[in-house]
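The structures come next, written out as structure tokens.
Two complexes are shown next, each including chain A; its partner changes from chain B in the first to chain C in the second.
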Partner chain A sequence: MRRQGGAPQGLLTALAAVLLTVIVAAPFLFIALQAIFPKIGAGSLAAPFSAMADVLSAGRLPRATLNTLIMGVGTVIVSALIAVPLAAIRALYRLPGAALWDVIFLVPFMIPPYIATLSWVMTGQPRGYLEQLTGQNIAGLLFSVPGIVIILALHCFPVVYFALSRSFAAIGGRFADVSRVFGAGPLRAFLRVTLPLALPGLAASLILVFAMAIEEYGTPAVLGTRIGFRVLVTGIDEAIGDWPVDLPGASTLALVLVAMATAAYLAQRRLLARGGFETTGSRPLQADRRPLGRATLPALLLFGAVALVSTGIPLLAVLATALAKTISGGLAPENLGLQNFTAVLATSTTARSALLTSLGLGLVAALLTGLLGAFAAFVVLRTRARGRFYVDLLAALPNAAPGVVVALGMILLWNQPWWPITPYNTLSILVLAYVLLLLPQPVRYTTAALQQIAPSLDAAARVSGASELTMARRILLPLIGPHLLVAMLLVFVVAARELVASLLILPVGHQTIATFIWRQFDQGSVGLGMAMAFVTICLTTLLPLVVLIAARRTEDIG
Partner chain B sequence: MKKLLLATVALSTGLCAQAAFADITVYSAGPASLIEKLSTGFTAETGIKVDVFQATTGKVMARLEAEAANPVADVVISASWGTATSMAADGKLLAYTSPNAEMVPDFLKTDYAVAQGISALAIAWNPTSGLPKPTDWADLTTAEYKDMVTLPDPTKSGSMFELVSALDGVIGAQIFDALAANGAIVAGANADALNPVLQGAKGAVFGAVDYISMAAAAKGETVEVIFPTSGAVVAPRPAMILQSSAQPEEAKQFIDYMLSEEGQAMVAATFLMPARTDIEAKRPRINELTLLDFDAEAAYGARAETLDAFAKSFGN
Partner chain C sequence: MDLTPQPPLSTAVVDTPAALEMAGLSLRLGGTPILRDIDLKLAPGRVLALLGPSGSGKTTLLRLVAGLLVPDAGTIHLAGKLVAAAGHALPPEARGLGMVFQDYALWPHMNVAGNVGFPLEMRRMPAPERAKRVARALDRVGLAAFAERRPSELSGGQQQRVAIARAIVAEPALVLFDEPLSNLDRELRETMVGEIAGLVEELGLTALYVTHDHSEAFSLAHEVAVMEAGQIAQIAAPEDLVADPASVSIARFLRLGALLPVQRGAQGWYLRGGAFLAPPEAAPEKTDTVLLPSRALSVTEPRAGMLTATVTRTLFRGDGHWATLALDGGHDIQLLLPHRPAPGAVLGLQISHGSLRWFPSSPSKRTSP
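Presenting the complex of A and B:
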């Protein structure tokens, strides 16, 4: 009983608070300061708020904000239109190959939207692959706001599909049956019972889609600039990335984007806290699924069509471009060859080092984010020190941090002349950015795991004379380990393909997978970029499958 | 657990330390393959390592500006001569005349900058587009080219900026209004503008950087570079040493290597015009081209206005 109580707990809490202040809070603080005091970079607090006034009067801010909202809300609507019918069929009926469809619908989520967008451009523009095959092109739709929204929705809808098919299954299995006993038809039972009961879960997943859509960079950057559709993210990118640089303007746009992301996060948390019926009680009942009967074929056609548009076409276009010897040669068989894959995997040192850099960065980011997230969750749930509320708040703050904002914060914080040493312009700035961006994943997973471990185990360990740290290491860590592993794999996958923050703070002499692909389109060889994209998609799709298997195991533990 | 922590710490310190070993840092506008070859060749000859940041001129300049308080680069190569003029005027450049610059004509060198190579801005046209072969800039504003033209974005492409300021001065900015009215699109950096033309989605690039299109054609793409009859614009690519460079001697050696016969042959291999007149070019040289006559100094002073007017023409 030597070290029970105050001192170590206080120490741990203080350590967590300091770490999170430096990694999470400081970048946000510097963005706010830069937005308010435009001359702070020169060490002056002159003319506060003047940059905000400039941005407002130029009309850039309201337009970019409105466009961001249009993109976010549009993506939510289209995602819901795609996902709700699919989830209902998947959850309430006996769909042939149900488990296979689940795996297939994981893939669009694993194709980064910038790659999907570029492959749709190659497919849909005049004389693109679609016109070469069918004589038709879809340029009018592609280069439009609905086009942007549809491409984003095809990436985001799995979030809604997976959340909803789970809650539909739970509800449909119990309550809808009751209503049908009382004489309601299947459609009426769905509309009056199942759907309303699933609404909180649906709303929460749609808000998540909104948050994903408003922070997306690649799609509006490729399609939006062609039609003069500028959003907050591309506005920030231009203000930081193109000469002349406008840091105060970028900071002001960033504050608006953070406000939108925060609102979405808080709304989602409230909805989930209220709890839907799907979160209480046991697992979905498998036995109650009804046969589809004559609707089997149409249902399969619907699933197939969504899979084709969301996964098949983008993947085929990526592959076709990667295999093409020349772009103007088109889809002709004699134009196909493996030269781009040879370059990516063997001859191009830049491509290979980009692959290795991204994989290494993903690994380091996953380990550090996992450790920090688990530590923060432990402090919040298992200590009684006063600072834990502050730790809780800081650990939630990255939920409101889109990649472009994180990059801006990193530049403003770490590129100051008065730092004796700084991670800026080294690979560690990217690690810091990824940790900040992805911290919510391990926090969420370990919090859930810790809540399931009875505090009596802690007490038992301490009664037996174990210190706080020994207890954490010998009791808690093995129990939360599998959950933490899942979170770290997620961090790895997302960090290894992150685009916009990497583009903006890439250290001299390095490339990541995403910046390599992006630059090939910007000023290099499209085929080489697509070969790299194909390799990346294979990597980021296979690894989540590992995550999935790991997740199955943790469910059994929990 | 301890091992994991140790490994992580070791990895992260390794990451931090990496930057310290590089000897000189070069920021360069495209093409990426050229600066990669130059660095590899330079390291092979001198043993000095080179760290490269390669991006569009707009991004290179933005990075220099953002790092003004903590300069990192030793050598900068941009695609727009005006960047050298304005940086020299701001006192940011180190004066140096390379002994290898003897064969570089006077208009391609100053006390502070020397050309690496020269590109020309022209029209890139897809012969399979079924559209009439354009001969001059204005041909791309005709009804036949409605919705079929792309332009590189002058905020990103340094050489495109030179063309925009030249045309503003010679013909007037109304040519861009006419292009916009004819459905032309502004499509990112140079390769971004060329790709739709290669696939055939568009017919021609207005302001194509000639060497990129020539290299594409040499690879087997169907694209043809057309130098407009009223005149093309050349964009010499200045190489400069920053005043803030911590290794000015090594930086000077890099400039020497870039202007050596070996370095200039690498420049020529990318279909750029080499800066030295005694190195063979794989393409027409300046004296074989008709050039637009304009006052580069005056055009450059008005960068912000030029870009604003261009953006307005295209409704942004």
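Presenting the complex of A and C:
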């Protein structure tokens, strides 16, 4: 006979706690230690907090923090301005091609901002594509704070659009119609019922946008550095990457960034926990939606314009650059050629090995992150051992970890001279970084899936004669499998093209997709970089898009 | 802890052990006592119903038997084998039970045959033999044609039949039912009670059947244990329970009839502030409540010296007229009448005195007359 909450549960919880401590907690701990004790690298606890004081007195920290806030809040405002009208039209009216617009608006979210930013530079800079076509360039707007904010918003607004159109539709279908029965006109129904009920969901999605914006590296690095607009992320990057290396300063900036991301994450979780009013499964029928009437054409123009700016122009600029024989040749039919693509895909080129490295890293990271995330979620939800609260906390911690902070944590933890062996300077350090960065995805998906499985399904298996492990294998795993697969796909996509962590901890002699594109833009062949970008977008945007659409279709039927 | 069956103390008494025996079983969850000092015994081939209002701890008791919870105190024996004691328990998979859940608990990713065959698979039965047994179990519940379906493609009643097939397929020594019919509509529930009764008889099942519906318990069980607030209030055969409820609260829960306050008077026992009921020797000294079972009353023309009642309200119910009658002293009783009485009509009530049950003020245990 076994004691209550017997040995296997305690063992599983302990294993999860140890894994998460090494992979998640230790890097954060080393950042905090480095920020407090600047000489800890030399084995000394001398002069605690002195580095923090230095960073503060030099004015670096307040400036970078303020700039980060400006970038985050600005992105939130512009995203809301774009997404709210689109979501209202999409949810409440009969918009021609509604499903197609949804797919189109997934694309800007899937294009990494650094690629979109580079393509906007190609388009908007002096003698860029826009000037070649219209005689005007937008370099002034592009290399400015509003330019940074607009480009980030064009990447982030789909988050708001999808969250809001779903809750508008559910609320409009259920509650607003009731208010109309009691005499409210359509506008009043929207303002008095639909909008207030959707506010928590709207706020949660805007906070997510804020978190995405303050963690972004590529856009402020390309556009902001030239105008001296330094944010926390680029500040950390410079402190690590530029001589003299300033690890205490980087750690101090990182702590502020982590604090901001944590606050955003907690606020978002609070809002979502309070619960939306939309119920699942009450997807309104097309017939419940009102016709647009004479507003059809303006609405379509609006959707078309947003699609063009967020998806069309970046993709076309990437393609045009990739297909150009020479950049100076410009947009001319005789300047078109496939030699860049041939170079990317040809054997034994740096480009091809970078592509393969990233795909391999993405695959390994997806498998490991998926396993670890599912394991942590299982321990938190289905065991009774006391350590599960610790596991829960650690599994949530990476939500506050921007890529640059993860890289810093990897350097501080694994680049210590006293490790007998270390993953540092090998590809496995990248895998560790990706796992830490993306752990929240499988945790979130598996948690949601596990919560939907009635506990009596476990109990029925146990009573039927299945041990705990057999039950997990035969009942839980198949039921969470599809959700886990989607999460792993997401991990694969993001890891395969991750930029800033890869740049900072790239082992000598290796390249990944993102670092390759980044370096080609800096000093090599922009055309080659953009060909790589185009291949990447196709591989990591279209493939998941197809899988996600297929998954949603089967969900509808099942 | 010792897991081997304990040898009987006296070798002379070698009868078959109880299929299930609980002694002094107690459980607290989150600091609150949920079950207190439960003693139960179930002989092989018998059906025991656990009947009680929602929240009285029935499911918790069943989960203890299944091994899904571990008791704080007391023991559980299955077929003479100790399976649980304070803080220790044999895991559920080692108990060889069958169980039917309130929410069916069918695994959505397996088809009907997969669900039903799972317990056999866990017992490592070879596939051909398993297929035969699954087919037989499905045939028993009338779902032979549905083996390849997914649970989501079945109606509620069909899903519950699959769950029953899964519970009996391995021919377990004890089957646990947790309110299996409470999610079904009334008509289907009545059909299913009949079907389960048929199965139990045909297979000679030993079963612990949890329900809050007394007609379900009475139809299916040899014995009924009434649960109240984590304790067993009474164990009796259905007929005895109806004829002789142990307390006011049991009589009220079983809705056996009107429970009215009584007092001692000059001639004997009176309804409080109302009519004469019975001579002094009908009830012991400390009595303060009487149960007037509906079947103890018959309606006649009012005559002098007789208990009379005034009709205040009637509702037509299909099988008769459900009348609310006011007695002297401000007491109300409800009776099913064959004809609609005129509102305000005065009826005479004839009481069969032998069927009256008397209860003391407190403690709630009834003292025999």
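We take it that the second predicted complex is superposed on the first by the 527 of 558 C-alpha atoms of A that agree within 3 Å, B and C clash if a C-alpha of one lies under 4 Å from a C-alpha of the other, contacts with A are read in each partner's own complex, and residues count from 1 in each chain.
Methods note: a contact is a pair of C-beta atoms (placed from the backbone, for glycine too) under 8 Å apart; a residue touches a chain by one contact, two chains touch by 3 or more.
Because the structure is a prediction, the values reported are computed rather than measured.
Once the two complexes are laid over each other on the shared chain, residue contacts for A:466 go to chain C alone; chain B is not touched. Contacts of A:424 after superposition: chain B is touched, whereas chain C is not reached.
When the two structures are aligned on the shared chain, A:416 is found in touch with chain B, with no touch to chain C.
Judged by the touch definition given at the top, the superposed model places A:454 against chain C, while chain B stays out of reach. When the two structures are aligned on the shared chain, A:127 is found in touch with chain B, with no touch to chain C.
Judged by the touch definition given at the top, the superposed model places A:402 against neither chain B nor chain C. When the two complexes are overlaid on their common chain A, residue A:350 makes contact with chain B while staying clear of chain C. Here chain B and chain C are compared by how many residues of chain A each touches, and B touches more.
Shared-chain residue A:326: touches chain B; no touch with chain C. Once the two complexes are laid over each other on the shared chain, residue contacts for A:371 go to chain B alone; chain C is not touched.
Note: no residue of chain A belongs to the chain B contact set and to the chain C contact set alike, using the contact criterion stated above. Those residues of chain A that touch chain C in the shared complex are 1-4, 6, 454, 456-457, 459-468, 470, 474-475, 478-479, 558. On chain C, the positions that touch chain A within their shared complex are 1, 3, 63, 66-68, 70, 83-85, 87-93, 95-99, 101-103, 105-109, 118-119, 122-123, 152, 166, 170, 176.
Residues of chain B touching chain A in their complex: 1, 4-5, 7-8, 11-12, 15-16, 18-19, 22, 25, 27, 30-32, 36, 51-59, 61-62, 65-67, 69-70, 72-73, 126, 128, 153, 155-156, 185-192, 195-196, 198-202, 212, 219-223, 304, 314-316. Those residues of chain A that touch chain B in the shared complex are 41, 122, 125-128, 139, 225-226, 228, 230, 238, 240-245, 247, 325-330, 350, 360, 363-364, 367-368, 371, 411, 415-417, 422-428, 431, 473, 477, 506-509, 519, 521-524, 526.
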